[in-house]
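Per-chain numbering from 1; labels A, B and C assigned in written order.
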Amino acid sequence: MLEGFNFRIIWEYMPLFLEGLRNTFLISLISLFLALIAGIIACAGRLAKWKLLRGVAIFYIESMRTTPLLVQIYFFYFGLPTLGFRIPELQTGILALMLNSGAYIAEIIRAGITSVPAGQIEAGVSSGLNYFQRMRFIVLPQALGVTVPPLLGQAIVLVKDTALLSLISVMELTRCGQVLTSERFMPSEAFFTVAFFYLCLYFCLKTLADWSQKQLIFREVY
Amino acid sequence: MMTFYFQRLVEIFPFFLKGLWMTVVVAASGLIFGTICGFILGILRSGKNKLVTRMIGVYVAVIRGTPFVVQIFIVFFIFPEWGIQLEALPAAILALSILGTAFICEIVAGGVKAVSTGQWEAAASSGLTRIQQLRLVIIPQAMQTILPPLVGQYVLLIKDSSVVSVIGVVELTRVGWVTVVRIPEGLMVFSLVGFLYFVISYPLIRLSNYLEERMAVQETKL
Amino acid sequence: MIKFDGVHKWYGKLHVLNDISLDVASGEVVVICGPSGSGKSTLIRCINRLEKFQKGELYVDDMPLHDYSTNLTKLRAEIGFVFQQFHLYPHMTALQNVTLAPMHVRKLSRKDAEAVGRQKLVRVGLEDKADAYPTQLSGGQQQRVAIARGLAMSPKIMLFDEPTSALDPEMIGEVLDVMVKLAKEGMTMCVVTHEMGFARQVADRVIFMDDGQLIETGPPVQFFDNPQTKRAAQFISKILTH
């Protein structure tokens, strides 16, 4: 099966692959960071007392979660120019990734905060702690254990999601595979190499996620 | 101008419905094959044979660690090099089935492992064979744990089916992509596409939420 | 009926069963007692091969359990096992729990299996709960259904692994009554339990285990009133001070 596998071509294209890998890494990092911010804001809106704010947050979160990411990417890619925004593909892609992951992150954070038993908060109130002290010392440390592993899971999803940006001509890892295929017509060499690099990223993130799962669980013991 | 485009959109609407139907076909096929194979692999994965468990584990890790778009390229462009020449639609269904199987396998294995050992022992003590134990005692109980995430996975597969548009399958996303060339109103076109995805996902999302609530109630009863 | 000959079991470095040699005749009622960790549960779980052992021989109804080619299904059909945690199938009614094995192992028709099932439920005093689910039954009722489930296969041997230890005190009696009736009808029984009243009433022999070894064995009157070994005497005094 692999007799005809042309390692020389892969070596020849290695600079391109490494550039793609680097771009995928950077795009993932930036999108994740922005998505965290978007997620925190959306979560705050989701938990707000004001109905209008809550409604907007829910609309945003649900529409992101019930429609495919590719459709969202196309929505911005084809739609923003019609509104007069001429944004390069890269930024458009990051915008779509940020909004998409932001919605999932909002739900992850919300689940983490509501997972802390009410009894804990009551205990804090009884001790005389104010809202910020309760958040800092009681709620957030316990919510962390429930929140960080799924967040890392979302990071893994995000890395894979960046591959869709290749379809709007962003030069990330998958696009390198497409370039090699179209220039030399060697899809095996191209996409197996691409898959290999993604698996490397996956194992790094998965190890981090598994490690954090063990370290961060604090749960009430009866 | 907008009303002109809106009118044209209305005229082309049957085209969207055809695309929606194709999405349903692709997703349903992938879902069905994925469920069947996923259950078989999931049951094997929860067994005692370490070699089988590890091999399935490798398969699952590879599928979960690489982007679906890369997997589709591999099925469509690389399989022919090994003699498996597929047209776009069968390739799409195959790739989606492979994806679904991996995720459903993990869900099923988790559900089977969640059934207490005592149930296995009680069933074995009566003289039931391993297959009888699985069929009559273990799987019915595992379904409780399996159903909610399983339905959630179905929603994910419907969204993932949008990616098969890249190899030319004329499903809903592709229809939007093709349409937006003639009707350059990206926002309108892809809002419509997104809405149609929402329409077919919504019943499953409601079902998943209902199942999750029912499971939470059952747990507190115990 | 049951014959242990020099059986040893190690769990890693832990010597869980240490040179066990024991004969149980047909119709005998044997009570096994001892402190926790003494290996008594492990001992009876070997009888229906829920546990395996590394050294020695074990014959049950003339079938060699130390030989791994023995047909387990046939063997287990002749042995009923009652667990401390009952382990009733929660997705089935009491009657379905009892008829499952007769239908699928002895291949009885549904009608025949249900007839047998109802008969066994009558025997444990729960014929009116045939269509109830385990979650609707009290602990004592669940355990009695578990006994009926064991009896449904008309076994030659009934094994009980601390059947009343997970029950609230007021329910222990109803389960023990069923077990006493069974013993008086001539069933071969091995019972791991702390219920000494039961032992006095129906046991032919009491076996005391500690640290994986058989320390002392004898008829209940002799064992309780005149223990031969110091460890047995210590154990008895600890139990009876409750």
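The criterion applied here is as follows: a residue touches a chain if its C-beta (ideal position, glycine included) is under 8 Å from a C-beta of that chain, and two chains touch if they have at least 3 such contacts.
Values in this document were obtained by computation on a predicted structure and should not be read as measured data.
S.K.: Are any chains cut off from the rest when chain B is left out, and what groups are there?
M.R.: A | C
S.K.: What chain lies farthest away from chain A once each centre is taken as the mean of the Cα atoms?
M.R.: Centre of mass proxy via C-alpha means gives C as farthest from chain A.
S.K.: Point out which chain occupies the most central position, where each centre is the mean of Cα atoms.
M.R.: Closest to the centre of all protein C-alpha atoms: chain B.
S.K.: I want to compare two interfaces, B-C and A-B. Which one has more contacting C-beta pairs?
M.R.: Answer by contact count: A-B.
S.K.: Suppose each chain is reduced to the average of its Cα coordinates; what separation in Å results between chain A and chain C?
M.R.: About 55 Å, centre to centre.
S.K.: Centre to centre, by mean C-alpha position, how many angstrom separate chain B and chain C?
M.R.: Spacing between the chain centres: roughly 47 Å.
S.K.: Per the centroid of Cα atoms for each chain, what is the distance between chain A and chain B, given in Å?
M.R.: 20
S.K.: Using the touch definition up top, name the residues of chain C that touch chain B in the complex.
M.R.: Touch residues, chain C against chain B: 48, 50, 72-77, 79-81, 83, 85, 87-91, 100-101, 104-105, 135, 146, 149-150, 153.
S.K.: Per the contact definition, I'd like the list of chain B residues that touch chain C in the complex.
M.R.: So the residues of chain B in touch with chain C come to 116, 118-119, 121-129, 132, 136-137, 140-141, 221-222.
S.K.: Once bound in the complex, which stretches of chain B touch chain A?
M.R.: Checking each residue of chain B against chain A gives 61-62, 64-70, 73-74, 77-78, 81-82, 155, 159-163, 165-166, 173, 176-177, 180, 184-187, 189-191, 193-194, 197-198, 201-202, 205.
S.K.: For the complex, which residues does chain A have touching chain B?
M.R.: 1, 63, 66-72, 74-75, 77-83, 156, 160-164, 166-167, 174, 177-178, 181, 187-188, 191-192, 194-195, 198-199, 201-203, 206
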